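Next come two complexes, and both contain subunit A; in the first it sits with subunit B, in the second with subunit C.
Now for the complex of A and B:
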């Protein structure tokens, strides 16, 4: 009665035996969403407009509370109570909360905040999270300071704190997605690299549309991107600095095609595919020195590599068995073991940031699926099904997967979707143009 | 309509090829071309009865594209050359041997069934199969270059086998541009 345990079906907690412990608050409050088996319903919460003492700050306060609500409700784990249901209004950040008024409308959580602009023109955001039915604050009030332009990021940071305090897990809202923006018909499609906030805001283009670009990936710090471009006429791999929007081609072997580059967790090692004489193998390069070495030497196609979070292993796609399947090998090369054994073709494996699961694309009976399995291939679960779903990427906390969905036929278009690893909360990600090949950044610092 | 894939300028091709594609478009709009292309090209060789560079000129890239045949098709997931493909490639090899000033880029393509990066690998296999065959028929390796487009450049856009079959292709694009 005094608290609600909201439990949700996900594999991750079921499978959590071998996983690093999620980030748990030092003193977890009584209000808690246990992301676990058994869906009840989203947790009701209220987030009144953050209070402010000037009109300009008041507008920022309203906008910030709207972004927080979009983040929380967008997870499917929380449900916002409408303002017209409120009995109390929050007019002062410092005044005591009237718990009874929030209990009466069944707000389990209450988020209050204040927005001001300091003498240097910096935006100051303060917030508190309340466990209404326990009649106490959940964690401590916090203050964030940043530029006024950065108000969306500050809202995402508040939402990450709220999410984290209630679920006991890391958040994912203050993050970005790099993707391939697509325009034009299927047989004349123009592609350019673009970056945006995880929720589709602040889209910025990183390349023009003069060359095909494929499958970008973030560096571990989120400051650089690896991708494949046809700038020189054939596929080659590039490193792009996001801050300066400058790029360089990586020194792969002349006379070969290179593609599918991925950073290792050290931010220096890059694994990629190199095609020569019709054969595609995996290679590794130190991008500081340009020194490269071969990781596989099979007559089959080896591609779509992904490092384990500790950098010790690589999961990749190979058709050495006759059809594309998933394999794991040491990151320096060596014996590979096959992990996918279900019916169909498996591709684009991506190791989860928690290390517990691999997300993949599966083709079976003319349909495409995004799925997850454990690293030993057990407990495979398909999360989606459509004409063409492809290329999963993990949210920084390993709870949500974003991917490309392409529709069928002559007018087919690609767009981004996200889904919980429970298979719930499937929804489109707004990007403005067509979009494919998303890659999710780590949480921003 | 039936020649739209040839007439459509593709931004990623070299200037030479774009020029040729433009010529193809002009040729396609001429209602007399289809009837005349094969016979006049063969019969008029060396006679000067055709415009240089036209589809009737046996030394032209257009002749290579339309009369010799610039592409071979593949089965799902395969890079084997069918007897029909080998016949086409025999013609390509003869043409390249007879026209040593031309080089060729062999573009490998896949249909949309398959993941993006895997299809780049598959296109590499297909273009390489063509390259090896042409070399085995006497074309100097340094005149040939391969590039895989994976599933990025379909010429047919329906999501049915009729379209997929035409998209699983390797296209030999000839030009006087050096390839190495």
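Now for the complex of A and C:
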């Protein structure tokens, strides 16, 4: 009886406590949702004219902002908002940004800058990048100094920084392209080497048109070019120093045809094709010592070699299986592994600077394509299709491919095109004359 | 003679008698064919067998005479063709003007009889036959600057590009309260996938016919709403003083069912599936991965978002990330943050009575479907 009484007393006490204690509502916890689909569209941005303190600098500020906008919008990843939509005007580089005004016009990125000329006549460019909706700066402000003549390069460098800060990968605007400039009718075409900025500006010729030149290739630092010339009647490989415009022929075996050269990542090793007695094989050479090494000895044609970014492997083209296909082998030679298995003929493989893809030319069903595939041959994607597309080359960041497109007929003309690796943003590259065999340089130092 | 022999003899006699008189040895006559024969007279028979005489054949047959043929050339005559007369058509006199038609006033149509009662609508039975849709080729994705999960047609030229569809409104002078004038808005044209130049052009003829679609599933049942459950009636059969005390203890320690629900559940029931989907759609429309690097597209980032009562984000933070390096994670988070801030700038459309359920949200941004393939 006593036990029951105590139990009842305890229950009554606890009941009273539960009534008098304030009730604390339990949180239901966060709502969880998964977003597994989004949109792919150009990111809207605004780049007002860079502010300047003098009229001369103001013109440079306008020009620099225009080059930045052309670089960014030219990628297809960004869309510039027109100036007449601006609510705020940037009149001072140091003033705080009115984010609400830029949000109102859906500017998701804002680039502001200032241009001035210092006491030594050097151009000083400052810029900042803002994430408008986050209301904060992306990275820190940066200042560049250079010659006034080099304002385009400074604009490209600013655009590279903006691109990198928004996308997370390196840019490719401060780079150059070497190509074969072509003039004259198709059956009597004059060819010479030319170099230009990636966007077609500042074209300069490196050779005359007295002999046929083919397939120029940049060194890893962008200071030298390898190319093939018929100057002596037979194809030989030359090395050209861009700074001094001096050249020398590589000491390949006499009495043979050598062509399709490409630098290794060390800048000293060159891999190339050599034809002798009707057979074409791959060779490598140390261009400092002239020592060469045979890499293949098959009775088939092996050509178009390209190093992997780490220099350990080579992708090349061979018809050992009966039709031209792509193969990968160790850079010192050895057993080759076929990676292309689709219908058609594959050629001119180029290893991506990122190392994950190979770009190639494919001929299938009467059309030519530029495509990409992984190193095991999977995920082949054809990006273009035309009467004749060939000779892909990668942008320094591995995002864009430039190639040659030639139109049909006796009046057909070769020109350069570029395309994003997604297959979007296919567009011609302005070169002035006919152009073929492009090679993209690394980013300039 | 013993009894057995008598019985045996009687039995045999009965059996023999049944066999003789019972018809055991009678049999039915065998079947036979019957042919009907007709008797005829001798004259009739002679007439039947007499030889038939052959028909007479005529030998003298005269040949038909050939017609006379005149080989002489036909007489063409010497007369010349007479020039046909060409006469101008008679000019008809100007017809008299039409008489002015009689114009009579058109009688206005009689007022239609309008009944205030709505007509009875008979719902079709569920077993009604459904016609197969017309055979049409599958829509091919076209090239557009914007790639989105749902294709969007090209907006009207006058419409402003916005994530929200809104018709144009003009001021209504007759209205008592002035209405704000706004322009029409529509989302930007979008396709569902990237179309490269190498894609085969769409063929004019359909390569396959579309099958009738299956009946759509019924809308999902709304998620069960947590409500207060009635307390189970106490068992009375074995109710004792001790069990009553234990119940009281349990109520004191854990609280009753009804009071627990009322105190721990936030205001309003949880979000329904449709409300969650609406939020998901709102965010994904602003999640632009087009400017992300391929490395950043490998990163799945979880973002914690706190909203105010108007559905506007007040704080955003990165909770976790998988699948990439530091720089790529940073860019993936920034893209997710932009999505929340852009589409939440005007407040997400969420039920206010359920605020406690969506005040804190964990959003997982998984770009697997958006990678370049």
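We adopt the following convention: the second predicted complex is superposed on the first by the 406 of 445 C-alpha atoms of A that agree within 3 Å, B and C clash if a C-alpha of one lies under 4 Å from a C-alpha of the other, contacts with A are read in each partner's own complex, and residues count from 1 in each chain.
By our rule, a residue touches a chain if its C-beta (ideal position, glycine included) is under 8 Å from a C-beta of that chain, and two chains touch if they have at least 3 such contacts.
Here the structure is a predicted model, which is why all the values come from computation and not from measurement.
Enquirer: Contact-wise, after the overlay, does A:47 reach subunit B, subunit C, both or neither (first, second, both, neither)?
Expert: neither
Enquirer: Touching A:131 in the superposition: subunit B (first), subunit C (second), both, neither?
Expert: In the superposition, A:131 touches subunit C alone.
Enquirer: For A:317, is the partner it touches subunit B (first), subunit C (second), both, or none of the two (neither)?
Expert: Touch partner of A:317: subunit B, not subunit C.
Enquirer: Per the overlay, which chain contacts more subunit A residues, subunit B or subunit C?
Expert: C
Enquirer: Could you tell me if A:111 is touching subunit B, subunit C, both of them or neither one (first, second, both, neither)?
Expert: Neither partner.
Enquirer: So, A:379: does it touch subunit B (first), subunit C (second), both, or neither?
Expert: After superposing on A, A:379 lies in contact with subunit C but is clear of subunit B.
Enquirer: Once the complexes are superposed, what residues of subunit A are shared between the subunit B interface and the subunit C interface?
Expert: No residue of subunit A touches both subunit B and subunit C.
Enquirer: Show me the residue ranges of subunit A that touch subunit C in the complex, using the header's touch definition.
Expert: It is residues 4, 7-8, 10-12, 14-15, 17-18, 23, 25-43, 76-79, 103, 106, 108, 131, 133-134, 138, 166-169, 354, 369, 371, 379, 381-386, 399, 419, 421-424, 426 of subunit A that touch subunit C.
Enquirer: Can you name the residues of subunit C that touch subunit A in the complex?
Expert: 145-149, 188, 190, 194-198, 241-242, 245, 248-249, 251-253, 255, 263-266, 270-271, 276, 279-280, 283-296, 304, 327-328, 330-332, 334, 336-339, 341-342, 345, 356-358, 360-370, 372-373
Enquirer: Across the complex, what residues on subunit A touch subunit B?
Expert: So the residues of subunit A touching subunit B come out as 185-189, 191, 210-212, 214-215, 228, 230, 233-235, 255, 257, 259-260, 273, 275, 277-280, 301, 303-304, 317, 319, 323-324, 345, 347-348, 361, 363, 387-388, 390-391, 406, 408-410, 412, 436-437.
Enquirer: In the complex of these two chains, what residues of subunit B are touching subunit A?
Expert: 5, 8, 10-12, 14, 77, 79, 105, 112-118, 120-122, 124-125, 127-129, 131-132, 145-150, 152-159, 180
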